[in-house]
Structure formats: structure tokens, C-alpha cells
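First subunit A sits with subunit B, and in the next complex the same chain sits with subunit C.
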Partner chain A sequence: MKTIRASIIGFGAVGQGVANVILQKSDYLQKVGIDLRVVAIADSRTSVIDGEGVDLSVVLASKKEKKAVGTGKISGIDIIRTVAHELVIETTPTNIVDGGVGLVNMLAAFERGMDVVTSNKGPLALKYGELTEASKRSGSRFKFEATVGGAMPVINLACDTLAGNRILSMEGIFNGTCNYILTRMMEEQAPYEQMLAEAQELGIAEADPSYDVEGIDTASKLVIVANVIFGMNATYRDVTVTGITRITPEALLLAHNNGYAIKLIGEVNDGRINVAPKLVPLGNPLAVGGTLNVFSVQTDISGPITITGRGAGSIETASAILSDIISLYKE
Partner chain B sequence: MKTIRASIIGFGAVGQGVANVILQKSDYLQKVGIDLRVVAIADSRTSVIDGEGVDLSVVLASKKEKKAVGTGKISGIDIIRTVAHELVIETTPTNIVDGGVGLVNMLAAFERGMDVVTSNKGPLALKYGELTEASKRSGSRFKFEATVGGAMPVINLACDTLAGNRILSMEGIFNGTCNYILTRMMEEQAPYEQMLAEAQELGIAEADPSYDVEGIDTASKLVIVANVIFGMNATYRDVTVTGITRITPEALLLAHNNGYAIKLIGEVNDGRINVAPKLVPLGNPLAVGGTLNVFSVQTDISGPITITGRGAGSIETASAILSDIISLYKE
Partner chain C sequence: MRVSMDLELKDIPGQLLLALRPISDFKGNLISVVHHHEKKTPRGTIPVQVVFEIKSDHLEDLIACLEKNGVRVVSMDEKRYLEHGAFILIGHIVHTDIQDTIDRIDNTGYAEVVDLNLSMPKINMPSSASLKIDAVSKKDLQSVVELLKFIAREKDLLVIEPIESQLRSIK
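Up next, the complex of A and B:
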């Protein structure tokens, strides 16, 4: 049994999801030889620290009732710099402009030789090369399955499970909000604005939906996968992006009657990274509906391999973080 | 760099595929720290042995021209029992009645403490418990991703990549021949017999198609996955099986017009293992066409995860064997 001391930096939906999943899976973690102790948690205003391991149920209840993880005032970055632990679980809100506090947190963790597991896309979509360099320099390990495709194990599938194959190209649907809106526009033959409003009502789209519907979220995820799989050092600004706001129900119907669906597809081919609405044949593994995400790689010897799953959701994202933790420390 | 000495026992399409893939991927194998030397190869009549590593190109040419791997007469089982090596790649033809020579080979390898990687379904669909027990007793490792779903990494996905999740149930299309026939019957509105004949012409169906179309192949694969994932000890005879021979093009069209496809689905739910034609909603990840296979698991925290790929083909199966070898020995 290995004792791993971890911090959770950022305690929004995903951070709380991680705490819940760790509670739920403690028996399983013990079974694979991991005694995981969360010794510090920080949200944006408060923190709690206990070298023996904080009581996650108490912190979850406190967050729910008092909107605070505790009464401490030590910030996330100071926890990373001063509290003795091996693993930083970085789940602060993403910042796609300059990487924000997440980038600072990750670099600080690497400086101390700590491992980082994160769901925070921004820093990776902007500074992939810098981050992986920093982790290598200090011998830290860096896992970020949760940044792409929620519960879909995109990165680990491509890098580990398909180890015998070389990946030639890849494409997929990386944004459940867009997929939901397009699916519903076709089903109801209703315009974009109406189905966006429905998605917002259901909590599937944000009040400001531009990050999703303009394709920026898809571009950020795509860049992370492209960098990992093809050893690129691209940022999301290198991606040619067209969103879904101009698609009409008439176009969707015409496509359908000819045996196609229209989907917002992100693809990497010959070093070019594109996000745009594309025709996909019905019956093709990419033609999944609802909020589903899908990821497909073309391999040199096995042809195409496709994986489909829920691309978002805090508990799904937390499960990807847990899978990364298990892969780092299991016996 | 680790030197791994291997034998290939059985040199039909899959065995030759393995030799080809090892040749093609020798640089990559070196890169991950594996110096893989095939020290012996046996087909059903001849064999070749060289402690320094046989020349795979020569053996492949010999097999092609002379229908024999060499001039030696030492049988596969004697190679396993007497030649010094660490890994047996077992690719003899499958035998679903009693496990045949494959079962004998695997047990002999485990007796000597050797690792086994195989594509041979029969022994696993009949004697899973006995085989895993034997491998544990001697500290051998046993990998068989290639027995299920060709290039689709079904077993490694469920056991490793999704480690943070518990799998509640699973379902899928495990037979490309059936999927092809059903897809074409719908497209052409042609009867079963006609599309079976087309599949036979294209080499997608065997002269005697019963192993595929009666669902026995699906049942065998399903049992292997069920045993691994749920720790069962079932054999393919425990599966309730209905094949596709009674499906009509009219039924397929009626389903289609109501938004469904009919697919031969294998499923494991609450310990029950069934194979039968089922209605699948179009747009559902299971509704893939052509010869594709698909595998879907319902997980406790991530919901459904689905993987799709080519379920058959000697080179695809060989790639799964290679992925298993890499996962066993990479540094």
C-alpha cells in the first residue's frame, strides 16, 4: 500500500466531483494499493489543510452549506508551495486567454517535483510545450485525460491501449452542447436560436454560449490531443474554426434525406487542425446524436478505431481524473 | 533494452500477420525497450528454430512459396516444451468443441512459466477458469485482447483505461459477417440468402457460415469478455443464442422507418449472457453498419462508453497481439 498525499486546488463542480468519486471509490483504491489522502483543498476564497487527510464529507457539506471549503485563508498556490504532498489535482476554472491561475499552479507543482492531474484545458491549449518540458525537467508526471472528452478515455486510448498502432489522423465531436443543438434542430426542424434556448434551459448550454457554439471549446480540446498524439506544440489559436451558428434546419433535413448528418467535427490531418461543420454518413460511427462526444483515429495497421461517451459532466470528468490517478500510482 | 524470445505457434493468416507486424514495427519495439526475437515458428506440418532469432522475411516467403515455414519437423507443442524462450504467441486455428491443440499449447506454456499472448478464442470460451488458474500458479502472464473484436481494444479498455469505473453491464456487435449481411439486406431490400452469397463472394463469410450467422462466434467472444470483466467462469454453452437467419428485409425496412436498425447484439446483464437480433435506435453508438464491430459498457460513474472498429482481419488481429506484447514488456 502506497500513501499518496494530494491537494485539490479548485473546488467547483469538478473539484467536488473528484472528492465525491474518491469517497465512493476508496475501497477500490485500497484494492489497487493506493492509500489516497487529500491533505489540502482550496477554493477561490478559503482552504482546509490536514496532514492526516481532511474529511471529504465534511468539506463537501461545508461547500454546499457555506459556499466555502473551510475557514483557512491559505491560497491554492501557497498550498502547492508549502504543504508536503505528492500530487496536485488541479481543477480551477479554465482560462483560455493566458492560462490563468491554473497555469501558475501547474508550473509551481512541477517546480517542487510534484505530479499533476488536471481537467483544466486552458493552460494545455496555450502552453503545452512549456508544461510538458517543466514536468520532464523535475521528473514530475503529468496526466490530463480529463481535459478532453469527459469520460471518454481519448488520450489513454490513443497512447497506451493502441500502442501497437501508429495514428495517422484523427477526427471527432468534442462538444456535447453543439451536438445537442444540431440533433434537436434536425428532430424538431426548429431554428438554431430556439434549440439554443432549449439547451440553455436544460443547463446543456451556458448563458454565454459562444465558447461552445463558436467552436473554441472544440479547438482547445483538439489541440491538446494533437499535441499529445502527434508531438506537436500547437495552441488553440493555430486552429481554423467555424462554429454552428449559421446552420439551418433546412440544411440538416436536406443532408438527412441524402443519408447524412451535419456535425461539428474537429480534425487533425497532415499537421492541419480544423474545426467546422461537416457531413457525416448516417451509420458512420461519428454520426452519434444528443450530447454524446465521439473520437476517431485512423491507424496504420488497424484502420479506424472510434470511441463514444459522455463528453462532459462533473462526475464524468472526475472519473477521468480518478483513472489518471490510478494509472499513476497503482501497484 | 529487454530481449524477449518468442515462438509463433500456428502460422496461418494471423500468425503470418504477427510476423509482418513485428517486421513493420521493429523500430517502434526498440524505442519502447523491447528487443523481440522470434526463435521458433511452427505451422501444422513444419517448423523453424534459431536461438538467435529466425529471419521473418525468409519464413514468410517460404510459407508463401512452399506452404511451409521451414524443413524442421519439431511440432509446436515440442517447441513450447523444449526451446528456451519467454513468450508463446499462440495463433493456431480455433477449436470450439474441446479447445483443441491451442488449449494444450497454452497449458504447456504455463507449466513452464512462460507468458502467452493469443488470438485463439476456443480455449478461452471453453476453459477460461482453468487457463487463468494455470497461468497464476506459475506466475505466467496471459493476454488475449486479440480473441475479441480484432483491432478494437475491448478488454484493455474495460480493464485498464476505464480503471476508475465499475462496469455494470455490456453489449455489442461482435461479428462483422452478420453486421455486413444485415446492413446489405436493408440497403438492397434483398433476402438473407442473397446477401449471404454476396458476403461469401467477397470473403466476408465462410463457405459454411453457421459459426457466424448462428451467433456462435458472437457467443464465444462475449463469454471471454464476460469472464474477464465480471470475474465469471462461463463457457459459450452458457449463452442463450439466436442467429440472424430468419430476419427478413421487410422487418429491417419496418424498423428503419420507425428509426431503428436490427443488429445481432450480444449482451451481459445481471449475469445473464444473451445473443439475439435486437432493435437499436439509429443515431445510437451501437447502430454502426458494414462489417464494423462495436462494444459498449455501462459504467457506474461515467455512463455508457462505446468503442467501434474493425472486428476481424488478420492484420488487425495481429495488431492486437502486438499491443498485448508491448503492454507486457515495455519499459
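Up next, the complex of A and C:
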């Protein structure tokens, strides 16, 4: 049995999801030889630290009732720098402009030789090379399956499961919000604005939806995939991005009559990274509806391989973080 | 373009070569040859069907050469456009001169707009169109996609093309 001391930095939907799955799966973790002890949790204003392991259910209740994880004032970055532990679970919100606190947290963790598991896309989409360099220099391990495709095992599929195959190209739907809006626009023959409002009401779209509907989220995920799977050293700025805001219900219907659905597709092909609405033949495995995500790779030996699943949601994303933690420490 | 030809050969050795060599000499690419030796015509000749791809300006010379070799060209069917692409346009499609958009594609000489469906919900609102384009070859279809995108940028239209894997495998 290995005791792993971890911090959870960032306690929004994903951070709380992680705490929940750790509670839910503690027996399973023990079975694979991991005694996972969360010794510190920080949200944007407060923190809680306990070298023996904090009580996750107490912290979850406190976050729910008082909107705070505890009463401590030590910031996430100071926890990483001063509290003794091996693993930083970085779940702060994504910042696609300069990487934000997430980038600072990850670099600080690597400086101390700690492992990092993250769901935070921003730092990876902007500074992938710098981050992997820093982790290698200090012998830290760095896992980020949760940054792409939520519950879908995108990175592990391409890097581990399909080992030996050369991945020739990839395409997919990486944003459930856009997929939901386009699916509903077709079903209801309703304009974009109306279905965006519905998505916001259901909590599927944010109050400021631009990150999703302008294709920024898809582009960030694609950059990560391009870097990991194709060994590119791309950043978010290398992606040509077109969002879904101009799509009309008439266009969806015309496409449908010709046997196509319109989907926001991200693709990596011949070193080009591109996000744009595309025509997907109705019978094609990429033509999934609702909030589903889908990921398809073209391989040299195995041909095309496609997986589909829930691309977002706190528990789904937390499940990807959990699988990263297990792959790092299982015996 | 792709050409399918019904030929008739004399029933003596070496005739098939006389029929096929000119196709190769005119840089044609043979796709299939079916030699009906068992179906001799009442004239005592052997029917042969060949399918090949060739540049259209070589076709007349090829036929002349075959006839000179004593190979009879009974019938010929040419299919100029082998590739078909479907696209969606969104924006002020009509007001940005739809005739010009179509003409510029038709004038390439290797592609043609063959179908256009337009939906205009309200005045001053963007309209949507589905556009079908036939092209001579895969490469020409790719070129026309680039041209369409270029025109769309100029006229501030959104062009939606088929996914990459579909474009590559389009029949």
C-alpha cells in the first residue's frame, strides 16, 4: 500500500467532483494499492489543511452551505509551495489568455518535484512545451486526460491503448454545449439565440457562452491532442477557429435534406489544426446528437477508431482525473 | 475525364495490343479491360470494352490512332465529372451576387455548380443555401473547395464543407 498525499487546488464543479469520486472509490483505490489522502484543499478564497487527511465530506458540505472550503487563508500556490505532499490535483478554472493561476500552480508543483493531474486546459493549450519540459527536469509526472473529452479516454486511447499504431489524422466533436445547441436548432427549426437561451436555462451553456460557441474550448482541446498525439508544439494561436453563432435553422434543414448534419468539428490533419462547422453524413459515427462528444482517429494499422461519450460534467471530468491518479500510482 | 469505349478487334493475334498501346501513348490511365473472346460478332470481330481516364483534348487523336490501327470504335461514353461535393453557404448570398459566385466556379473549367437550394427566411436576414458541385477529379474538387472559401471570405459568407475524412473518400 502506497500512501499518496494530495492537494486539490480549485474547488469548483470539477474539484468537488474529484472529492466525490475519491470518497466513492476509496475501497477501490485501496484495492489497487493506493491510500489517497487529501491533505489540503483550496478554492479561490479559502483553504483547509490537515496533514492526516481532511474529511472530504465535511469540506463538501461546507462548500455547499457556506460557499467556502474552510476558514484558512493560505492560498493554493502557498499550499503547493509549503505543504508536504506528492500530488497536486489542479482544477482551477481555465484561462486561455495567459494560463492564469493554473499555469503558476503547475510550474510551482514541478519546481518541487511533485506530480500534477489536471483538468485545466488553458496552461496546456498555451505552454505545453514549457510545462512538459519543467516536469521532465524535476522528474515530476504530468497527466491531463481530463482536459480533453471529459469521460472519453482520448489521450490514453491514442497513446497507450493504440500503442504501435501511427495516428494519421483525427477529428471529432469536443464541445457538448455546441452539439446540444445545433441538435436542438435542427429538431425545433429554431434560431441560434433561442436554443442558446434554452441551453443556458438547463445549465448546459454558461451565462457568457462565447468560450464554447466561438470554438475556443474546442480549439484548446485540439491543441492539447495535437501536441500529445502528433508531437506538435502548437499553441492555441495556431488554430483556425470558426464558431457556430452564424448557423441558421434553414442551413441545418438544407443539410439534412442532403443527408448531412452540421456539427462543430475539430480536426488535426497534415499538421493543420482546424475548428469549424462541418457537414457530417447522417450515418457517420461522428453524427452524435445532444451533448455527446465523439473522437475519431485514423490509424495506419487498425484503420478508423471512434469513441463517444459525455464530454463534460463534474463527475465525468473527475472520473478522468481519477483514472490518471490510478495510472500514476497503482501497484 | 473517364471514358468507356466499346471496340471491335480483328480475330488475329496482336490486336489487343494495338488497341491498348495508343491509350497509354496518350497518357491515358486504364481502369478496366474486358475481352469478350467468346462473343464473336457476325462480322467475325471480337468485342472489347475498355474504361480509362484521359485528358479530354487527347481524345480525338486517340480515336484517330485506334482507327488507323484497324481498331473499330463502336461506341463511346464519356463522363466528365467524377467527383461530387455538397456544401452549405450562410450569409447574404443573393445580395453578394449569387450569379458571380456560380460563374466563378463554372469558369474554372474543372468544376460546375449543379444544384442550388436557397432559403431566405426574412428580408435583411442572412439566407442559407445548399450547393452541389461536380468536379473532374478529387484534386479538382479540393481546388474548388479552396476557391469557394476564397469567394466566401470576400463576400463574408460562411461556407460549411464536408468533414475531411468524407472529402478524401468522396466518390
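Assume the second predicted complex is superposed on the first by the 331 of 331 C-alpha atoms of A that agree within 3 Å, B and C clash if a C-alpha of one lies under 4 Å from a C-alpha of the other, contacts with A are read in each partner's own complex, and residues count from 1 in each chain.
By definition in this document, a residue touches a chain if its C-beta (ideal position, glycine included) is under 8 Å from a C-beta of that chain, and two chains touch if they have at least 3 such contacts.
In this text, all values refer to a predicted model and were calculated from it rather than measured experimentally.
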>> Quick one: is A:26 in contact with subunit B, with subunit C, with both, or with neither? Answer first, second, both or neither.
In response: neither
> Which of the two partners, first being subunit B and second being subunit C, lies in contact with A:304: first, second, both, or neither?
Replying inline: both
> Given the touch rule stated above, what does A:163 touch, subunit B (first), subunit C (second), both, or neither?
Replying inline: first
> If you stack the two complexes on chain A, which partner ends up touching A:251: first (subunit B), second (subunit C), both, or neither?
Replying inline: second
> Which of the two, subunit B or subunit C, is in touch with more residues of subunit A?
Replying inline: B
> In the superposed arrangement, does A:277 touch subunit B (first), subunit C (second), both or neither?
Replying inline: second
> Does subunit B (first) or subunit C (second) touch A:315, or do both, or does neither?
Replying inline: first
> Which partner does A:327 contact after superposing on A: first (subunit B), second (subunit C), both, neither?
Replying inline: first
> Both subunit B and subunit C touch subunit A; at which residues?
Replying inline: 284, 304
>> Help me check something: in the complex, which residues belonging to subunit C touch subunit A?
In response: 86-88, 90-91, 117, 119, 121, 126-130, 132, 158, 160-166
>> For a test of understanding, state which residues of subunit A touch subunit C in their complex under the given definition.
In response: 169, 171, 242, 246-248, 250-251, 253-255, 257-258, 260, 262, 265, 267, 269, 276-281, 284, 286, 296, 298, 304
> Given the complex with subunit A, which residues does subunit B contribute to the contact?
Replying inline: 21, 24-25, 28, 32, 150-153, 156-157, 160-166, 183, 261, 282-285, 287-290, 292, 294, 299, 301-310, 313, 315-316, 318-323, 325-327, 330
